[in-house]
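Scrolling down, you'll hit the structures one after another.
The same chain A turns up in both complexes below, where it pairs with chain B and then with chain C.
So, the complex of A and B:
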């Protein structure tokens, strides 16, 4: 069969590609690895300050892959309890907390079905792209003055640029899988993300105005006296709603409405390809929660009895919990309500907050500085 | 070595590691998972029906006007950032024009949405 030969050649190609990437990365970071090995012998505590630690462990890969697993369990448990069910119960002993990891292994052992007449390479690579694009904004979120992977001077603009990539990935996946449900879901996702990107831009503007900085750490340090949610409460609400729409979470989950479109643009995906998408959704949740906490809730700042990164962690977790709870409490709204609502209500509200800041500008500069 | 001091180096490493992780997941899944292809399994999903016709159909772009609106206001809202960045260095009279422009944006959105409703039906 044709698909058998394709599978064999594809397996060989991705094996070579992943090995090549790994060797290339190790070659690029050979000096930092040697530095960490040296510190391991001389001064193990200093490892936490190295860049390699940040990329691999704390705000980087390990943290970024652990939190989604926990968040998925919390979400399933929460939704189940609200609907008077038990939810995950057996795996891992206590309340089934290892259920997501069991699911990951289950997905690894499942066949990735490639539908006929699909664009195979695009079909198979768009989950990896989606996962990567969803995870990149975590680079910018500061967990303390040092625990940030890239302290870029124009981080807010880079965040917007990364945001614009996601509709493209969704359309690639929808078009390549050669399915009507996928195509309709992909187009809905495109409309939704296009309509809600501008409320996000306009609701971030008050934070940039008040801080006078496009750098995330600069914005956090400007909140040393009062958090920006006190000056921009309307913007915070607008950002929260638009964030839910960007992530296609429940009040706005038109693109993957299970009762209408099977599961939207992920209809044809199975096995680990679907798993990567699902993982990407939760990683995106973590990234957006981090950005919200940084822009409006004072980021890593807090009373000094706890270190900075614990405050950031607590704030991010609280925002993640609020985002997860929407799944249980709200029904889905219609696509035209969603598209028109974004333009008619959220954009004027975001502009209203900017105008209020303009009116109170002389008093604000006295309060802030 | 000058490259190593810049954070963008770690940004690139991070992206490469993410791509590598995705590819590794695929390699493991394709190596471990049993494969057995059949005509029904590889057919396009259509809720149990036999899928008729071409799948990549031409769909009506019902909300196309909103995409055009997006193209315009995306650029507009990015330009506002160059004003917001220096918000406290301007006086109120100096930053009156961006605010007047913002006030002008709201009715224009309402008018466009109304016209879009007439056109799309």
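So, the complex of A and C:
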């Protein structure tokens, strides 16, 4: 009973705080809003170049919330077909394509159960933090020269620095649930994410070296003649594997191994709190897929019969699809195999590619420019 | 309005730092420490030092704060005793004195004439110097750091055995 009143007062406080923040934000962006309203009357096509459109619609919030919903349906359908099942079928008529939205509404109306003796404040705050922390790095990923929310000079560094917050949030969620499965899952997630950050940094280095820039758009423009995956194939593979491990997807899903740990650090979460975690993980997947496409697959570049942002979109979707398909094709590995694989194989391989680039550097500069 | 941002960051960092020391539960202390590091990084962003800011985030928030929290969770937290108010007041007084003297020093020195041509500085030169000129020193320092880490682990383990 006490926890119920606490939940209610907490939600009320969150509601009041977010309303206040919303009003303050609207006050801060009053001029962009007026600009969009003015453009709506005079030149509706020019709205796409305004900052407000970018933040709210295309590389921003709407896109970021729609793609996870679609990705979830695609994943379920794909895994089902591989396992000779049908998958979601009824909701929405055609192949159950509205199933994720039905799930979203189900989660919204379910009760968020707070376990006894848990740290309630941290328990309720960490899902919100998880979604925020997963969504913030997405602002740095470019979808074309104009469709990028924040074109920061040190974007590559900042992207991975912001992702460093995620294990902290996972650990908080795990600790505050007051459950042994959650804590074990959280500690495993921490091991995994901390040890796979090193191969990720090392495998990003070849692209940065070849482009001579830490800016995502600079890296894309350096790939005008040939994609960097041709020079750094080993790094691309290392980045892909480390990316799977960072996102805790199969075959690296030990932190939420269903058969061992119930569901890892999200064991005690229910309702929309759990939904926010899932949402956050899919948003992180989208961000990582965008970075992979930018660093190795030429980003938004492509033949000129399609606009830049459509090329970026296609590449990101292909990477997302490959990332999702691993869940159907691979079994889960053990935690010791994971740690050994990270330290003994991925890091030396990433360093090998850097050394190869050093050796062939004189020839490469002739090809690139 | 220009004054508002650094003051807000400063207040945020100071509150987080005080909480990191004074929080009753160790996990809250660890969270506050992470927030304090994030506040420092915001300061560096405000001062237009992006490298420093980003590495502050990667190293301190991504590694140090996580490690501290990891340790707290592995060892198991003990609720600390309530701090004495007089000590807290003493600490706040000392803090104000130190910050005040710094502000006074800055005011004093900024009134002195300064050489206008500051030496130019860039990260490429710094990296080259670290790798070439001070390369040996860097390796020696790294060995020293590793040795001290091993020493700390050894000391900690011995204490455990004696219990």
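By our rule, the second predicted complex is superposed on the first by the 367 of 369 C-alpha atoms of A that agree within 3 Å, B and C clash if a C-alpha of one lies under 4 Å from a C-alpha of the other, contacts with A are read in each partner's own complex, and residues count from 1 in each chain.
The criterion applied here is as follows: contacts are C-beta pairs under 8 Å (C-beta built on N, C-alpha and C of every residue); 3 or more make two chains touch, one makes a residue touch a chain.
These numbers were taken from a predicted model, which means no experiment stands behind them.
Of the two partner chains, chain C is the only one touched by A:162; chain B is not. Once chain A of one complex is fitted onto chain A of the other, the partner contacts of A:171 are limited to chain C, with no touch recorded for chain B. In the superposed model, A:339 lies in contact with chain B only, and not with chain C.
Residue contacts after overlaying the shared chain place A:114 against chain B, while chain C stays out of touching range. Between chain B and chain C, more residues of chain A are touched by B. Of the two partner chains, chain B and chain C are each touched by A:183.
Shared-chain residue A:197: touches chain B and chain C both. Shared-chain residue A:89: touches no atom of chain B or chain C. Shared interface residues of chain A (contacting chain B in one complex, chain C in the other): 152, 157, 160, 175, 183, 187, 190, 194, 197.
Chain B meets chain A in the complex at residues 1, 4, 7-11, 13-37, 41-47, 51, 55-57, 59, 63, 66-67, 69-70, 73-74, 77-78, 80-81, 84-89, 92, 95, 99, 102-103, 105-106, 109-110, 113.
Per the touch definition, chain C reaches chain A in the complex via residues 27, 31, 34, 50-51, 54-55, 57-58, 61-63, 65-66, 69-70, 73-74. Contact residues of chain A toward chain B in the complex are 1, 3-4, 7, 10-11, 14-15, 17-18, 21-22, 24-25, 28-29, 31-32, 51, 54-55, 60-61, 107-117, 124, 127-128, 131-132, 135-136, 139, 149-152, 156-157, 160, 175, 178-181, 183-184, 187, 190-191, 194-195, 197-198, 201-202, 205-206, 208-210, 212-214, 262, 267-268, 271-273, 275-276, 335-336, 339-340, 343-344, 347-348, 351, 354-355, 357-358, 361-362, 364-365.
In the complex of the two chains, the chain A residues touching chain C come out as 119, 122, 152-154, 157-158, 160-162, 164-165, 167-168, 171-172, 175, 183, 186-187, 190, 194, 197.
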